[in-house]
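Sending over a structure as structure tokens; questions will come in a sec.
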Amino acid sequence: MLHPDMIATVEQWETVNSPIRVTIWGENFHEQSDRDRDGMAQRYPAGMHGAIAAGLSELLADGVTVRTATQDQPEHGLTDDVLAETDVLTWWGHAKHAEVDDAVVDKVHQRVLGGMGLLALHSAHFSKIFTRLMGTTCSLAWRNSADTELVWNVDPAHPIAAGVPHPIVIDQQEMYGEFFDIPAPDELVFLSTFSGGEVFRSGCCWRRGKGRVFYFSPGDQEYPVYHHPDIKRVLANAVQWARPDPGADFAPPAVVSEPSPRFGAGATGAVL
Amino acid sequence: MLHPDMIATVEQWETVNSPIRVTIWGENFHEQSDRDRDGMAQRYPAGMHGAIAAGLSELLADGVTVRTATQDQPEHGLTDDVLAETDVLTWWGHAKHAEVDDAVVDKVHQRVLGGMGLLALHSAHFSKIFTRLMGTTCSLAWRNSADTELVWNVDPAHPIAAGVPHPIVIDQQEMYGEFFDIPAPDELVFLSTFSGGEVFRSGCCWRRGKGRVFYFSPGDQEYPVYHHPDIKRVLANAVQWARPDPGADFAPPAVVSEPSPRFGAGATGAVL
Amino acid sequence: MLHPDMIATVEQWETVNSPIRVTIWGENFHEQSDRDRDGMAQRYPAGMHGAIAAGLSELLADGVTVRTATQDQPEHGLTDDVLAETDVLTWWGHAKHAEVDDAVVDKVHQRVLGGMGLLALHSAHFSKIFTRLMGTTCSLAWRNSADTELVWNVDPAHPIAAGVPHPIVIDQQEMYGEFFDIPAPDELVFLSTFSGGEVFRSGCCWRRGKGRVFYFSPGDQEYPVYHHPDIKRVLANAVQWARPDPGADFAPPAVVSEPSPRFGAGATGAVL
Amino acid sequence: MLHPDMIATVEQWETVNSPIRVTIWGENFHEQSDRDRDGMAQRYPAGMHGAIAAGLSELLADGVTVRTATQDQPEHGLTDDVLAETDVLTWWGHAKHAEVDDAVVDKVHQRVLGGMGLLALHSAHFSKIFTRLMGTTCSLAWRNSADTELVWNVDPAHPIAAGVPHPIVIDQQEMYGEFFDIPAPDELVFLSTFSGGEVFRSGCCWRRGKGRVFYFSPGDQEYPVYHHPDIKRVLANAVQWARPDPGADFAPPAVVSEPSPRFGAGATGAVL
């Protein structure tokens, strides 16, 4: 099959294109907790996962098929069948990272290395899947005092930044600040400033195995950020950036044992 | 307009898509020189630029409109009108780099910074436009002794590597080897080995301003490399990778003077 | 204390410099196995760890204090006391990765994030500590057929490459080839070619937390590579590159909770 | 000779170390202009170049030999002899970039590619030497309204950040903001925020040829930033980071023509 970037005609498009299969994963804890239930019902009546899903469906229409999965479901909603039908996974968690089953994390990890895109959102910086992919603590500075956040674009040609203002203005948001303990991003797309003066690498891309990983910090349970039109646009862009090659087999890179030499006396005739 | 990566439906595609406008630039010297004319006529009866153009047209069909321009034309074939209609420019030069008019290089440079993609091919490592974009000498090691070249992919999820074997085998090719004096690539896609034992960073990506630059070393006047199906595929992939946002205005980044502050007492009411 | 790079006078040097404390960790299995014992005794009479330690001591003299630790020791020789006195750890393992205690890996991981340098050598690409720091499979292609390996330098100003020829020639060595499933290196120093035609990113640098990580592939139990003078030089360079700031506290980056804002009405007077 | 990073004993140090030869280049225009003379005399009685030189001498003592050179001198003070004795060059210019002689820029460029370190300071973002090394416009946003600038460290293990607080606080400074049109830095060390809400990649490292380039934005003719102890520390660190290998020959990378193959039938006996 053709890579989407290689589709040059409507005929090719109609033939090979299929919607990007997105699974929106949510912790779904604040939505149900005694402390947060009422506020969440106002800000996110369908849950944060529901809001993220709605934004993608609105912007990408029949270019995506969107489903949700939550931590409180069996296997956290990420059964083998669901993962096998997921091209891009978005992950939001906060209070219950430690309760995510390692066996599920193992499967998600393998699928990312095999080509599935992953969007780690906001407090998912501390999720098991993100810290495993990064190899670092992913710690940061934070303050919840309704700072204004400005999201500046430092890579104007990057597809994830297409169609958003410079800066995006978020009236109220939790502050996440440096030092953010991540590997240096392969591509740094957004920097956020806060009214308190802090700075954060808020939009970062990495490749891991055959998969693409995007971390994006705006989005918090206490602020209605996932309804912000520019934030929805960034997520829609990122889903498309993170999609695997349509011909991807989702097999992680594996050892290749004892290949025949290509040059020299040891080469078998068939190789060249 | 939408970025191509943001096109999610056939309707959007039909509405906003237009073919990528590619200009294939060739030095067109070996084709005409006494020494090389006969061999070139055999290997490249339509010139190297003609062969490259034919490969793109074959693979990308009506996804591209391809024209050629050569150094021996007025303004080297790169008039304001031609540049204004070029989304991606490919550049092959070798013996006559020094004779390329600086005024033309200035214009090409500005257009790359404004969003036009550039593919610098083989001996274009020493072209004025490439060395200006790199800021280094772009020197390398070379030997013309019909080495076999193997082109290995070190970024399997990269769109430029889609659909090509690992490695690509080129039976005979000039050797280009390290040290290649370039800035560290933003994305390293291909490494080549040669039967003499050398290695070369043969497929390298950079972003400069709003534009994307890809250097690809396979391709030489003395070997029919541009007819090789895998090389044609890489070039077709790269044209699509390097294309600007369809809404691009092709204006290089410019100084922004005295913007109003976004925070604090000095902020104008209108800003937020 | 001063960073070594900030030491400008002999007085400062004498005051603040202390030898780099290096621990050479070895699996020490091939040295004792029935299959390999005799060959190892010829190639590495003091064990591979002993050979690596001797090379460092020879080249760095009283600039280092070198100790060894092996997997068959209690806590694999990496007790809290040993780690607390280790600035740079080198790691060689192959057949017994799976038997390394996760609790030890946890401690080594934390110390790297806190500033300790790590040199992962050859088959340590599959060690628990390296794959954890990388977040990928770290799989590769390999063939054991006594290939000649050439190690080419692609970053001539890099301190790890100081004083070694371009290329380093290793007469016989196991082949490690691409695709090597690692995050794109922060700094790519060496590329290796093999007589079979393969290529490998054989010298790669990353920063993780406050620590520096260098992977170097030459070195195998079946070939006397750690006696090669250029390989010894690379390891001596790398130990110095990977050393922490002498004032390092070896605490991994940690969350900073609720810092006071620096700007605006919420700022406390003391901050600025 | 040994690389400084390879010096492990006091004896080696005494034998091979020599002070870093630093040339502080200044435009020296504001110091003399009718408009700015009086203010400059108050802020920078020895000129900005004098202040920078004094800071380095204070912090690095006999680890450096510091000289100054200014644009109003013959050959801008950068004669062949001066360049031949310069290990690290710092460059501050603003109003008179266009009047810098291209022949001098050519020589500085060649020496950087050959190994000389370059520190481009503040408004030197638009200097001929910096834009030539970058290949981009180096344009940015700016506002001169005495913003507070906070300089945050995003690479805590980086030697240029050793010994400075997080953040550095500059009470009053010109604002430089994104988008800053530079190639993605090889190493991003500092991010600045401003009381107006903007952000800037204010400390960036690149390697070009054999040389190292550091851009650092704090420092302006209208504010006494070069007397700030943390800014002096950053510059002292950067001079040491940017120094060439003591054994450097300062020859830019050059073409290597027709080297003998290392493998195969064509190899000469002497090569291996």
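Residue numbering begins at 1 within each chain, and the chains themselves are lettered A, B, C and D in the order written.
By definition in this document, a residue touches a chain if its C-beta (ideal position, glycine included) is under 8 Å from a C-beta of that chain, and two chains touch if they have at least 3 such contacts.
What you see is a predicted model, and the numbers here were worked out from it, not measured in a lab.
Centroid analysis (C-alpha atoms only) places B farthest from subunit C. Residue numbering shows that subunit C and subunit D use the same positions for more than half of their mutual interface.
More C-beta pairs in contact connect the chains of A-C than those of the other pair, out of A-C and A-B. Separating the centre of subunit B from that of subunit C, both taken as means of CA atoms, is a distance of 38 Å. Each chain gets a centre from the mean of its Cα atoms; for subunit A and subunit B, those two points are 30 Å apart. Across the assembly, subunit D contributes residues 148, 150, 155-156, 167, 177, 179, 184, 186-187, 195, 197-198, 207, 209, 253, 262-264 that each touch 2 or more other chains. Residues 113, 132-137, 139-145, 147, 175, 177, 179, 181, 183-184, 186, 194-198, 206-209, 252-264, 266-267 of subunit B touch subunit D in their complex.
Residues of subunit D that touch subunit A in their complex: 148, 150, 152-156, 166-167, 177-180, 184, 187-188, 191-193, 195, 197-199, 201, 263-264. Taken together, the subunit C residues at the contact with subunit D in this complex read 2-10, 12-14, 17, 19-20, 60-64, 115, 148, 150, 155-157, 159, 162-163, 167, 169, 171, 186-187, 195, 207, 209-212, 236-237, 240-241, 244-245, 253, 262-263, 272.
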